[in-house]
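Common to both upcoming complexes is subunit A, partnered first by subunit B, then by subunit C.
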Partner chain A sequence: MDMKRDYYEDVELFKSGTILFWSIAFLIFLFTLPIYLPSYNVYLLNIIMVHVILAVGLNILVGYTGQISLGHAGFFAIGAYGTSLLMMHLHLPFIAAIIIAALIAAFFGFIIGLPALRLEGPYLAIATLGFGLTIMHIIGRWEVFGGRMGISAPPLDLGIPDTSLSWVINGDVKIYYLILIITVLMVIAARNMMKTRIGRAFMSIRDDDIAAEVMGVNLTIYKTMSFGVSAFYAGVAGGLYGFVVGYFDPFSFNLILSIVFLVMITVGGLGSIMGAIMGAVLITYLQFDLLKNVENLPYLGELLVAISRKWFTVIGLANFSHIALGLIMIAIVIFEPLGMFGIWIRIKKYWKTWPF
Partner chain B sequence: MKKVVFAFMIVFTFLAVSTFANAAARPGYDDKEIRIGQWGPQTGPAAPWGSVARGSALLFNVVNEQGGIHGRKIKYFIRDDQYNPAQTKAVVKELVERVGVFAFVGGVGGACGLAVMDYLAENKIIWVGPSAAITDFVFPVKPYLFAVYPLYEDEGSILAKYVVEKLKSKKIAFFYQNDAYGKDGLKGAKKRLATYKMKFVEEIPVEPGEKDLSSQMLKFKKSGADVVMMFVNPTIATIALKTSATVDFKPQWVSSNTLSDYGLMFKITGGLWEGVITGAFGMTPTADHPLMNMYREAGKKYAPEERWGTFYLAGVVFADPLVEALKRVGPKLTRDAALRELNSLTNHQTIGPKITWTPKIHQGTDSIQIQKCGPNASYILLQDWTPNELATWKKK
Partner chain C sequence: MFEMLLIEGLAIGACYGLFGVAVAIIYKTSDVINFAQGEMGMVATFVAYHIMVIYGFPFWIAFPATMIFALLLGMAIEFCFLRPAKNPTVLGLLIITLGAEMLLMGAAGWKWGAEQKDFPFLLSIHKKYEIFPGLALNEWTIGVFILSIVIMTLLFLFFRYSRLGIAMRATQQNTNAAKIMGIKVERVFSITWGISSMIGAIAAMFFAARSVLDPNFMMEPFMRAFAAAVLGGLTSIPGVVIGGLFLGIIENFFGYAWPEWKPIVAFVVIILIITIRPSGLFSKHYVKKV
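The block that comes next holds the complex of A and B.
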């Protein structure tokens, strides 16, 4: 059904009028969302979008290029600290600060990409893991970075600080629009990049790096580029995260966070932009909201509270949230190896071929 | 099978969406209940401190059993934030905006608290007894934030006085975590030693993640110190005690109250904790005091599986002044009335230190008890509530 007749059809952003229509409708929906949602949910949406940016970036590395990273919390931290510190000490406007911070993250990504030329699988996992932990400890030991106590994000100034052009935005709803615009741009950029020579080179490396090299794909350039691009996305996400949360310490960027990021893209679907988005939305929502409020679920909640009282330890339902998160991950990986993206494809196929 | 999974997911989505339908924020109380919240790590790396949040539940259960506060029952919400500021902010926003809470009590984690401090102030939510001694919480004074936890600087000072006057030590060393916690303790202890014209024979900072402390312990041994004061975390303390035992260095250890959960420390040090002297922000859990006996009975009834330890009781200590203020408000509860009572609380004491708040000072106490770990992690009271007469903040 998805037959392409020429290259331009493949790179088109909207394949048909229907898709264009629904995409625009969805965007309008997103832009009007804060009107119908209570403000608590806007904070949640902000966190979700930050994770979407990061997951899309991580998926470029893991899903498209077939490299693994257990250190993305490190790039995320560089973005968060970089943006806030550049704004505080050099008084840069937000946009400049976040781009520079993301470029710093990308530079570190490039550095990590170099050993990745020789390392594969578990070895690469350990190397990146080391990087993530190192960043966390370096930040914690350096007073410039606020040490282990952490720092609070400066006022989010979109204009030029301390001049008449200063334009400070605050409140979840305003930050929501800022992040939404950045997220949409980043997602479209990722999608377009994956349709170009760069994207195809990444995928050829994933499928078989020797064959890719034989075909003229420069492994050195493309592997490090993949790390750089992925780290850039993490840096942007980190920069935004700082302003969403308002206060962060090095421990916020721990190993567990790197693993949760991997969970997002695996559950969502490796090697697909859509999958990364769906995974980030689902896992963040489960972690931050639903699983904290299981007792408020209709019918099911009371049952779980009763089960937890009877058999679980003193901490109560908090136990359950970990079990549930684990079960959901296992179920998706077993029954849907393509992740949530696989479910999406099947639903699409079902409706396209309906009623057959 | 796939259809089953699919059907399950649809049901799940439906349930998930229906939680959105919960009512919008309410003022935090009505004629029947007062809603109070607390965050705390129930899972994840900091989970041992999660018992603070569950300890507050014990106090509220006792209050409700006695008929509540002027006919209103306390409805208590615990949220697990996994020691992650992003999650703390999410759960606090949820409790404020979706559930509608009147006040927060306790709350473990410096960064977690700092992440929500401004948000709570903007929404005029009362917050009593943060479970961390952060000077930013109290200086300058925050109108809605009332602290119970003694400052580390005061504790360092009181412990140093005890070491010099009661232990008669001439050679004292100081071992501290290289952050605000350790440095504040060092500052207080140094100020105290200066009054005796004394100095530490050795001061060694440590990073929380360090695993090998042999060089530090040898330095302490070389300095000839007979008392080592420490402001470190449980892991570092454990490694320090084990290492010093292997190099045959056996000083008197004196630690801050963060390590006053003897049950836990005795277990993880393999019994080496016996004999260690610590500060404490609450009575010994085994004290024979009418209130403590009452809580012990209540604990058997409401939380029989819970370990009866310092942190669990801390939940009671931190939440208690709020309950007292609400009782004093009387039947006509408003936020301003509760603030007025909190601001005029004077020398209120139950199983914690005496708490005094004025509109200008929201640091409730400068006092600690000094306790010692006996055999089998038992508690021995060495010195009753001791204030820090050198505390500078009281003069403000």
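The block that comes next holds the complex of A and C.
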């Protein structure tokens, strides 16, 4: 079905004219989306796209390289704080600030990648978890970072601030276009990277690191590179997130956030770019829209309120999203370890070979 | 001052050690890192709170009831969530336990709300006794020391001499061989989760008596205890206890010197130590063979 006859067929971006057509159609759809959506939904889309960037990056580390990270909220925080502070104090233009902040995040990723060379499984989990919490507490304690109260993002200026070239972007719709362009670029970059020598090295480390080393893959370089690339993505996502929400404090970058990031890629499908995108879209939508006001859901909402009155507390019903996310996580590992991408592959295979 | 800090550190460290042992027992038998351990303890503590405050029973009735609840909760989580997963990866198991954590946290928040409550524990941290001249210890500290010594001794005897304990060790060493020898491995896992949940619940009650009771109160202690367990090597129970004590002392002294950095010192120490010794201080590092 999906036979590849030469190397070029494996690396090409669009496999056929049909896929090219639908990709462009989807892109045009995305570009015109704010015209028919109300303003809150554009805000939601912005958050979804930020999470898409992060999930794609995390999937490079977890899905493709087979490492574990419970500290991605830390890289996310570095990106958010780095971008905003660089713009506020050094008056850098947005593009320069976000790239520098993402490089700082990548540097921290590289640093945490060094102990990861010798750690695996639970030990790696605790090391990355400790890193995430350390970043959160350092940011919360230092007054430079705004302390516990958090900071609000500066005006988003694409040109050079305080000169005639200043080009301030405000409003969810304009930010939407900026994030959309960055997201498309980052996703295509990740997809291309996974088709090159680097991506194949990552996958070989995931499948068997000893065999990979024997084949000539330098584990030191590629494992730390994987952490670095993943942290770079998280940094970019964080930088954009700061402008989407406008105001953030250190304790929003907590362990739960790192867990939710892991949920996104597990639910979407480990080791596939498309899976990461689907997972990020689904989980973000559930968290920020569907489960946010669970009592307003049709049918289910009334039932839940009735249950809450009888056995639980109505005020605690907001915690229902935690329960739903937990159940989704457990169910996906038990019933569909490949995630939504696995379901998609099954459907595709069924229809491609349909009469048989 | 020095000895007060030392004893405080040892006491909180013993608590970390106790909780770390609960993590280590599960890891020892079934190779699962149980991220839901903290929340299992939290829910059990809430049950004890509910029995004592809402129903008004004394502690001596609430405690055994909570222990039974914790046992059943641990077994239920193993039975419902881990057993159906077929050949899960390390990451898959991690996701399952993290999912159980979110589930329990959400359930506790739904049932008891997010406001902080005082946990009416038997042992108070304000009542002090002078054991040696010039050295006053509070009830809580004495309780922690006695209880952890008792539990450690019981566990040692259990793993050393009882048939079930030996079966657990056999399961840990080689699951397939244990199956061939007639051990019902699933049942062993189930019992392990139950015991671990009970130990975790006891430790969680001690933590609750020190701080406040809310659905998030076990996050930080769990991570410290987990860190202590990793520090000690996760597979050796004495190692975990020593790791916990070590962590408690370091944290207390650092907390005295630089109070604002107290929450992160544990993790910095852990990262440094596992960078140098990847399997913890007291565990043999197995080099993977091809």
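Criterion: the second predicted complex is superposed on the first by the 352 of 356 C-alpha atoms of A that agree within 3 Å, B and C clash if a C-alpha of one lies under 4 Å from a C-alpha of the other, contacts with A are read in each partner's own complex, and residues count from 1 in each chain.
Here is the rule we use: a residue touches a chain if its C-beta (ideal position, glycine included) is under 8 Å from a C-beta of that chain, and two chains touch if they have at least 3 such contacts.
Bear in mind that the values here come from a model prediction, so they are computed numbers and not experimental data.
Colleague: Counting only touches as set out at the top, which of subunit B and subunit C does A:L270 meet: first, second, both, neither?
Modeller: A:L270 sits against subunit C, while subunit B stays out of touch.
Colleague: Once the shared chain is lined up, is A:R118 touching subunit B (first), subunit C (second), both, or neither of them?
Modeller: In the superposed model, A:R118 contacts subunit C only, not subunit B.
Colleague: I'd like to know which partner A:E213 touches here: subunit B for first, subunit C for second, both or neither.
Modeller: After superposition on chain A, A:E213 lies in contact with neither partner.
Colleague: Quick check on the superposed pair: does A:I138 touch subunit B, subunit C, both, or neither? Answer first, second, both or neither.
Modeller: In the superposed model, A:I138 contacts subunit C only, not subunit B.
Colleague: With the two complexes superposed on chain A, say which partner A:G246 touches: subunit B (first), subunit C (second), both, or neither.
Modeller: In the superposed model, A:G246 contacts subunit B only, not subunit C.
Colleague: Scan A:H322 for contacts with subunit B and subunit C and give back first, second, both or neither.
Modeller: Both: A:H322 reaches subunit B and subunit C.
Colleague: I'd like to check the shared interface: which positions of subunit A are touched by both subunit B and subunit C across the two complexes?
Modeller: After superposing on chain A, subunit A residues 137, 141, 256, 313, 315-316, 318-319, 321-322 contact both subunit B and subunit C.
Colleague: Once bound in the complex, which stretches of subunit B touch subunit A?
Modeller: Touching subunit A from subunit B are residues 1-2, 5-6, 9, 15-16, 18-20, 22, 24-25, 42-45, 47, 50-51, 54, 78-80, 83-87, 89-91, 93-94, 96-98, 110-111, 114-115, 118-119, 178-180, 207-209, 303, 305-306.
Colleague: Mind pulling up the subunit A residues that touch subunit C in the complex?
Modeller: Spelled out, the residues of subunit A in touch with subunit C are 62, 68, 114-115, 118-119, 121-123, 125-127, 129-131, 133-134, 137-138, 141, 210-211, 255-256, 259, 262-263, 266, 270, 308, 311-313, 315-330, 332-334, 337.
Colleague: Can you name the residues of subunit C that touch subunit A in the complex?
Modeller: For this pair, the touching residues of subunit C are 27, 33, 81, 84-85, 88-96, 98-114, 215, 219, 223, 226-227, 230, 234, 260-261, 263-264, 266-268, 270-271, 274-275, 278-280, 288, 290.
Colleague: With touch defined as at the start, can you tell me which subunit A residues reach subunit B in the complex?
Modeller: Residues of subunit A touching subunit B: 38-41, 43-44, 47, 137, 140-141, 147-150, 152, 241, 244-249, 251-252, 254, 256, 285, 287-290, 292-293, 296-298, 300, 313-316, 318-319, 321-322, 331, 335-336, 343.
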